[in-house]
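In what comes next, subunit A is part of two complexes: it sits with subunit B in the first one and with subunit C in the second one.
Up next, the complex of A and B:
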């Protein structure tokens, strides 16, 4: 396999990974703790997308909207019910609580949908061959949908009142509150948007692979690595980190056995925390 | 897949059994453990395995138990995860004081649990395939009803040779049996004039295998040997199709589940060969498993756990004592030799009570074991995917 092929594979994987990483950092920027329940919330979004696509017969783009709404609702509601009280005891307590919440949600999904892998009702196309490089049409479509979603998030944060309040709380929560911004309301919005993005990301991952209760869990390390590498809480950092992890994992297969590919995520976390603890783009949210 | 059993039912049933036993038996129940993959990658099989073990235990208890004692079955979910399985084994051995553990499925789980068993003189009955398992220093405390990798891969290679394979590339999930499996397959292919074009061991927890597939197809194989579990098989089938591969694909039946075939377009899965050790479909024990699950084609692992429970109770009855050591010393005395052939454990208990010797032949096969704990022989089922369903080619 050529360097260019690995680069293309990595870029396409990074584009899909970017959405849950964005969601992770959006939540972190406002609430200041890593919410690991994002893995199962992304899976919940993927199941919602599956219902829309397979049971209701909807095509992929509107199914992604259903995934966004469902994952956002699950994420915001579970945060309010389970994690908000824990946040008062510090970010570590909330982070540990989020691991427990993730397991709870994972088992709830297993209870509801079973263990069997499921697939979306979408055709599978042969790869395009361009100058010796194989590119999957589905992966290109997924990357395009991810790009559209990322653009929408930037427009939301840059130009809307909701986005500005989120950025204000992310920059300085105390100052924002003194200016009349309700932090609880912003937390609801940040969770809704962040986990909604994770739901779209989970659906895109499932579109490429398979859908089962562990779909989100399989990418949790890569999501976390992308967030840490780019800078915890940084929106552009999440995107940069996702592409770095996606491309890094693929390029590693040129030199290492594929079994060690997932070690790249661990390695990236170790290197960044050792030499640049705030990540490549720092902690600034936007 | 077969009918499912809820965790609540398993939990409730497990709790209830000791009390049912106490109501009808003079002595304390004999504790028996089961560690099954109720969830995780093996989750398609664990629930039916648990249901079979529960039903057979209940039947034995309802017909008088063993040595005047009931069997108290405690089923634990290993989540197809060795770490979880070790916790479950500690609980069963240290708290429940079980005499045997039945039904470990994944090789990684059996490998992790085995040392706890032989150190505590608890018999372990598994359905795992890795050769390394019976090579452990288990001192006779492991019995395996699943053909080992050597037996399975050798038969798989013969099938591929018979079907014209000349260049086979292996894509194997990282498991304890991946290397053994490929080495045996490649060796038999070589003796038949074909070759192993290469192999890659991958981490099954990835979301894409495009790089691995790219390397595999660069070797221009005519056949891919996909040594996978169901979730990663679905991805591999999709991505090999996308990559333009049009040769043959061969995998294990536990990966090529109906759910995987339903999840992908028929154009992607048609022609996929899969194989599995076949139960003895002519055995009365096999019909008993059919009746328990209410289906015509129970999976091999449900048949094997039926035999595990049968072997445990018959060995205890033969020994006249309920302990891991007693089972260890007597399991071959009731499963092979010149005794009267029996496929129903309740009938076997009656014969033993009458002082007769028996030779148990179960739902999974003859249940004859080598000194290291492996089965001597069994049949294999070969099937092909057609229009989202597996169609039987032959059993041999």
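Up next, the complex of A and C:
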């Protein structure tokens, strides 16, 4: 594989990875703890997308919307039921609780859908070839849908009242509350939006690979690495981090066996935490 | 009586009690200056009234309604606007967005009040698209106060508005506070610059070791030799009749030269 081919593949993978990374950072910014249940919530979104696509016969864009709504609902509800009481005991307790929640959700999905990989009902296209580089139309479409979703998130945060209150709580939660903003309501919205993005991301990952109860878990390290590299809690950071991890993982396959690609995530986390703990675009160290 | 807070006991932990029966009363349209030595609990008193800290005991009535058990958010709804000394703006948001969030409870009035505040504080109009974290210390304090004015509060709580400001900026801020007061807004202000605060206020309250030790007409208090001794940087003597231990290191009344960091612990910018 050529360098350019790896770069293109990495950029396309990074665009898809950016969605769950954005979700992770949105939730982190507002609730101040890393919610690792994002892996299985992304998988739950992918299954919801699969139901819409395969069982109901819907095309990809509305199926992604179903994935968004389902994952957002699962994420916000499980947070309110299971993690909210733990948050009072500190971010570490909530983070550990989220790992347990992830396992619970993963096994609930296994119970409901079984371990067999599922496929989506989408037309298969021949790869495009451009100057010696082959590009899959499906990957390009996925990246395009990811880009549209990112733009929608940006517009939400920049121009709507809901988005601004989310930013206000992320900036300074106690000041926001003293201005009359309800932090519990904003937490619901941030979880809904953040995990909704993870649901879309999970569906796009499943479209590209396969759908089984571990779909989200397999990319959890990459999601976390993208969030840490870009800066925990930072929206532009999540996007920058996702592209860096996506491209880094692909480039690593030029020199190493593909089994080592996940090591790139570990390596990136190690380097960033050693030399720039707040990440590339984060505002504070953790 | 607009605000009547009595017997306030609270702190930041079981072993760390700061207020030991503090009291604060503010009449409608009145301005009260809260002065006292470092660590006397002045800021904590404002936080307790605003609902930012949980009370162990005491009562707080706003227009006769008990508010000590309701959240800061609900107190804001009742007309209490608190401007903390630090972390009083949303640093990653623009000046306009900060004002919009200041007026969160009254969104229909946002446009009208923003343009009125831009007229009152032209510097904010000039910087309306600027990210708040890039403002100077004085500009941040003006923004923080303007955010509180976005809801036309019945009681404005100002925690050391001049802290960290150069004398010129502090002077401008004090004249803005005076004009807000003239328009009829009741204000309780904690200030290290005791003379400046008493010059603006109707009444003064001296807090020592979390207890009120003196209260009275601001002009008389500013002329009181004992208060002058304590807070005008002359001598460090305990207040007569006060059972509280003498005020340990007190701040000079000169404008503080503390480096400004009103943005607090730092932002989590979303975009």
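Remarks
By definition in this document, the second predicted complex is superposed on the first by the 282 of 286 C-alpha atoms of A that agree within 3 Å, B and C clash if a C-alpha of one lies under 4 Å from a C-alpha of the other, contacts with A are read in each partner's own complex, and residues count from 1 in each chain.
The definition used in the following text is that a contact is a pair of C-beta atoms (placed from the backbone, for glycine too) under 8 Å apart; a residue touches a chain by one contact, two chains touch by 3 or more.
What you are looking at is a predicted structure, and each value in this text was computed from that prediction instead of being measured.
With subunit A as the common reference, subunit B sits beside subunit C without any clash. Of the two partner chains placed by the overlay, neither subunit B nor subunit C lies in contact with A:55. By the touch criterion defined above, A:29 lies against subunit C but remains apart from subunit B after alignment on the C-alpha atoms of chain A. In the superposition on chain A, A:6 contacts subunit B only, with no contact to subunit C. Of the two partner chains, subunit B is the only one that A:115 touches; subunit C does not reach it. Taking the C-alpha centre of subunit A as the apex, the lines running to the C-alpha centres of subunit B and subunit C meet at 140 degrees, rounded to a multiple of 10.
Applying the stated contact rule after C-alpha superposition, one finds that A:174 touches subunit C and leaves subunit B untouched.
Look at A:130: by the touch rule set out above, it reaches neither subunit B nor subunit C. Per the superposed model, the minimal spacing between any CA atom of subunit B and any CA atom of subunit C is 28 Å. In the superposition on chain A, none of the residues of subunit A is touched both by subunit B in one structure and by subunit C in the other. Interface residues of subunit A, counted against subunit B in their complex, comprise 1, 5-6, 9, 13, 16, 107, 110, 114-119, 123-127, 134, 136, 138, 205, 208-214, 218-219, 250, 253, 257-259, 261-262. Note for the complex: subunit C touches subunit A at residues 50-52, 71-73, 76-77, 82, 84, 87-93, 97, 100-102, 104-105, 107, 147, 151, 264-271. Across the complex, subunit C is touched by residues 26, 28-30, 32, 154, 157-158, 161, 163-168, 170-172, 174-182, 233-236, 283-284 of subunit A.
The touching residues of subunit B, when paired with subunit A in their complex, are 1, 4, 39-40, 43-44, 174, 200-203, 205-212, 214-215, 218, 230-231, 234-235, 238-239, 241-244, 257, 259-260, 262-265, 267-268.
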